[in-house]
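The structures come next, written out as structure tokens.
After this come two complexes, each holding subunit A, first together with subunit B and then together with subunit C.
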Partner chain A sequence: MNLKKYLSLTRAGIIESLQFRIAMLVMFAGNLLYLTVIYFLWRSIYASSGSEVVNGMTFSDTLIYLVLATALFGFMEMYAVWEIGRAIQSGKIVLDLLKPMPYRRYLFWSYSGSFVVNFFTIFLPTFIVVAIVTHGAIHMGVNLLYFVLAVVMAVIINYSIDFIVGTICLYTESIWGINIMKQVIVLLLSGATIPIAFFPEPLKTIVSYLPFQSIYNAPLTLLLDSGQDAVSAIKVLGVQLIWCIVMTVISKLFWKASLRQITVNGG
Partner chain B sequence: MKKRGLGFYLRIYFRILAQDLKSKMSYRADFIISTIGMIFTNISGFVSFWILFRNFPSINGWGYYEILFLYGFSLVSLTPVQCLFDNNWSLRMYVYSGDFIKYCFRPINLFFYYQSEVFDIKGLGQLAFGIGTIVYSWGRIGLELTPLMLIKLIVFLITASLIMIALQNMAAALCFWMQNSFFVLDFVYRFRDYAKYPVTIFSPVFRFIFTFIMPIAFIAYYPSLVILRPGEVPILSWLSPLMGCLFFFLSYKIWMYGAMKYSGTGS
Partner chain C sequence: MASMIEIRNVTKEFKVLNRREGLKGSLKDLFSRDYKTVRAVDNISMSIEPGEIVGYLGPNGAGKSTTIKMMTGVLEPTTGEILVDGNIPYANRTKNAENIGVVFGQRSQLWWALPLIESFRLLKDIYQISDADYDGMLKLYRSLVDIEPLLHKPVRQMSLGQRTLSDILAAFLHDPKIVFLDEPTIGLDVSMKAKIRTLIHALNKEKNTTVILTTHDMGDVDALCRRIVIIDKGKMLYDNDMEHLKGFFGNYRTLKVRAEGDLKAAAEKISAEVPEFPVNADEEWVSILVDESKSGVMDVLGRIQSRFSIKDMQLEEISTEEVIKKIYEEGVS
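Right, the complex of A and B next:
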């Protein structure tokens, strides 16, 4: 695999996303407002519960979890469903298919530039602020290594899900509806809106068998749970790896099978 | 220009509406999937409250069914902006491409004609879900059902939706002055997610902001107090119909001012 041609896509992506500075600023303000609402909501939830620890999580645990989940979302979400859907509707997909690399890989690498930018502008600042404000609630040790590994796999799983859902657009001609369904399911069942620790028992069991919890819940619990041993951490990473492989294979096969179906108007 | 009556505008509205629905119906799959997607979003809001209240008995003195009432109320009051004013999202494109000029040459009210061109049907799924939630929580709280209560409910639902319409109009009208106003519109759109919480959970500073600067507390909280807590209705609740009309009028004026002043691209 010749890495150079992929890295040139990364470079183009970085330059492209640096063009939209005002958009970034507004997005930043929106995130800040969202986090403010989250803060006050959970503060009053914990205040009315009367106990410090609920389901093994204190108020600051929950808050760090949700803040970092938002930061992760800001950096992982790549709107691939929209990109694929629009490419199909406009006919641009014909040109993309002619590129000297598989479409699935092309799309991933053309997004990798915005990964880099979002990592440095959204995730890293949030992480540092959280680490400083909470005075070492984030344990600095081997868990950081687990976290990085988990995030890399989370990105791959998330991309594969996006790609599968984007492929469905080949059949439905509907982007908005398909995308909103995906987003709602992923955000709720991955624990990005409410930590999975709060889910009632049967739901927790169901969720643990689905790929979604590997996207947000797995990296965040690996990062925040300082008392874990290496075996349980490796177990979580192993589950992630299995999902990584399964989702990648499914998305590749589904795309291959669907490509024969494609009907494109013009181009 | 001759003054036209309400009957004239209503007749014209339904004629334009019929055309729009006909064109939408040619993409039937998209319509069905979008409606399901909309209902998915609403159900996920419902489920997150359900999960929260499995762990905590109340939020800031508000019980499960009262919060559900707020949620249902916000869903219903957000329906008009979704259904009737959806064309605001395209305004930026029309102004940018120069196509907006076609609206300026029609012998009817510019704002009316522009907004009537699109009717977003998927909002109806949200309306149904919202009404269901209100009815369900109404029964569980044990509120009595009198004609007076019903009138109050309807009046306050209308005023609440006027506020959101006004906010969206103003955000959309920004595109007459600046480019790339999508992010402002998206920013305002995300407000609706925060409208479903009682404003008392916030600190005084944010309570002030959410009441007077970004008046999202008027979308569900202040109007619902009239029905849920008739004993402790603040003066702001009674003022909300006035606020709603005032805000709407103001946004209409700003929108029209922008439409008269903007410097369009040629076409």
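Right, the complex of A and C next:
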């Protein structure tokens, strides 16, 4: 694998993202608004529960978790489903398929630039602000290393899921509904909108067998749960790694089979 | 010399769902297994040599794009064989992609938000073009067109003409053996068309690139192609030189006359006078497509003149456009 050809796509992605200053501001404002809503929503949830600790999490635990989940979303979400869907509808996919590299890789690396930009403009500032405001609620230690590893794998799992859903667009030729459904499922089951600690027991069990919790819940737990030992952390990472491999393989095979269908039957 | 592209008895069939009409029909369609087979390309064969510019023509829906997609490897033929520079394109699409360049007139492969030079740099890395080759190519481009003002302009701010020009340059950048141009001059003004034709011609000469050109603009064909291939309804109608094409249909010439009064009415009367030839009228002229193997132009003119007073007349050699139109409408017999 010649890395330069991929890093060049990253570079172009960075330049491309930086072109859209207004879009970045709007996204920033939108996130701020969302966080305000979250703050008041959870404050009233805690107020009505009448206790300091709900499901093992204090109000500030919950808030830190959700703020970072939002920041993580801003950085990891790639809208690959849109991209694939639009490319299929407009026929641009033909041009993408004619690049001298596999489409799945081409698309990932085309997006990698916006990862870098969003990491520095969304995630890092939020992280720093949270760390300062909460006076050390985020433990600075080996958990940071776990977190970084977990995020890398989360990105890969998230991309694979997006790619699978995008591939479905080859058959349906519609994007909107599928994308919304995917987003709701992923955000809910991954613990990005509500911490998994709040889920009822049966749902918790189901979720623990699904790949989604590896996307948001795993990295955030590794980052925030100061009470965990190395063994449990490595277990979480191990589960992530398994999902990483499984989802990558599934998305690759599904794409390959679907593409064959398309090349045989026309698109 | 080995052929650059070798197509042998290629057929491509699609399965299409038979759609029914109305709400009820649409609901039924959800569960329908009622497919029909459409044959988009029907048993075509051709072989294209290195350095050729081949005009690939046919009316809309003739199967041109399907053939191109098979040659690029995006589609797999139902039966038959395709070899592009020795590769089977669909089996080896990524490898084949290194050897080809494509321009689809309707859409761009350039990075929309980036200045052209960034797209070029990106393509340089993606196709792993060496520094020397890249510089050489840019130097060649500079000598052919005025690209400086384009290089630093984001693609989204370009006019259609500039964008098409840029797309063509991008397609040739990695010095591919074959470039597929699908309607490259669609929607462009006359001077831009001329510029693009000159560019394609020069790049073909300079790099000995094989060019497959599909177009509906016979100006492109006249300017660029020595050989043309015509298909319709998936079947190959014609594969030969341009010169041969004109002789193929006998000696056709267009006689244009201007008569007194209403041209439409005059055209009808003239048509009655010379029923063996097609007659058309536009705002200025009544044109008669004369087949000189049947009767001479002078004879036709005489017959018309005996009935009408003719104010003015012109004689035109048949244009490529008319020959092609005739083939589309009547086929080769």
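The rule is short, and it goes like this: the second predicted complex is superposed on the first by the 262 of 267 C-alpha atoms of A that agree within 3 Å, B and C clash if a C-alpha of one lies under 4 Å from a C-alpha of the other, contacts with A are read in each partner's own complex, and residues count from 1 in each chain.
In this text, a residue touches a chain if its C-beta (ideal position, glycine included) is under 8 Å from a C-beta of that chain, and two chains touch if they have at least 3 such contacts.
If you're wondering where the values come from, they're calculated on a predicted model, not measured in any experiment.
Asker: In the superposition on subunit A, see if there is space for subunit B and subunit C together, and answer fit or clash.
Answerer: In the arrangement built by aligning on subunit A, the partners subunit C and subunit B fit side by side.
Asker: By the touch definition at the top of the document, which applies to A:Leu144: first (subunit B), second (subunit C), both, or neither?
Answerer: A:Leu144 contacts neither subunit B nor subunit C.
Asker: Of the two partner chains, subunit B (first) and subunit C (second), which one does A:Val246 touch, if any: first, second, both, or neither?
Answerer: Touch partners of A:Val246: none, neither subunit B nor subunit C.
Asker: State whether A:Lys5 touches subunit B only (first), subunit C only (second), both chains, or neither.
Answerer: second
Asker: Considering only touches as defined above, state whether A:Val133 meets subunit B (first), subunit C (second), both or neither.
Answerer: Touch partners of A:Val133: none, neither subunit B nor subunit C.
Asker: Quick one: subunit B or subunit C, who's touching more of subunit A?
Answerer: Larger number of subunit A residues touched: B.
Asker: So in the superposed three-chain picture, is A:Pro100 touching just subunit B, just subunit C, both, or none of them (first/second/both/neither)?
Answerer: The second partner, subunit C, only.
Asker: Is A:Glu16 contacted by the first partner subunit B, the second partner subunit C, both or neither?
Answerer: Second partner only.
Asker: Between the C-alpha centres of subunit B and subunit C, what angle is found at the C-alpha centre of subunit A, to the nearest 10 degrees?
Answerer: 80
Asker: Under the stated touch criterion, which partner chain does A:Ser90 make contact with: subunit B (first), subunit C (second), both, or neither?
Answerer: The second partner, subunit C, only.
Asker: Should A:Met181 be classified as contacting the first partner (subunit B), the second (subunit C), both, or neither?
Answerer: First partner only.
Asker: Closest Cα approach between subunit B and subunit C after superposing, in Å?
Answerer: Checking C-alpha atoms only, subunit B sits 7 Å from subunit C at its nearest point.
Asker: Which residues form the common part of the subunit A surface touched by subunit B and by subunit C?
Answerer: On subunit A, the overlap between the subunit B and subunit C contacts is residues 20.
Asker: Of all residues in subunit C, which touch subunit A in the complex?
Answerer: Within the complex, subunit C touches subunit A at residues 12, 14-15, 40, 66, 69, 72-76, 78, 90, 93-95, 97-98, 100, 102, 104, 106-107, 109, 111, 113-114, 118, 121-122, 124-128, 154.
Asker: Within their complex, state which residues of subunit B touch subunit A.
Answerer: Contacts found on subunit B: 27, 29-30, 33-38, 40-41, 44, 47-48, 51-52, 54-61, 122, 180, 182-184, 186-187, 190, 194, 197, 201-203, 206.
Asker: Quick one: in the complex, what on subunit A touches subunit B?
Answerer: Checking each residue of subunit A against subunit B gives 20, 22-23, 26-27, 29-30, 33-34, 36-37, 40-41, 43-45, 47-49, 54-55, 172-174, 176-181, 184-185, 187-188, 193-194, 198-200, 203.
Asker: In the complex of these two chains, what residues of subunit A are touching subunit C?
Answerer: 2, 4-5, 7-9, 11-12, 15-16, 19-20, 90-92, 94-95, 97-102, 260, 263-267
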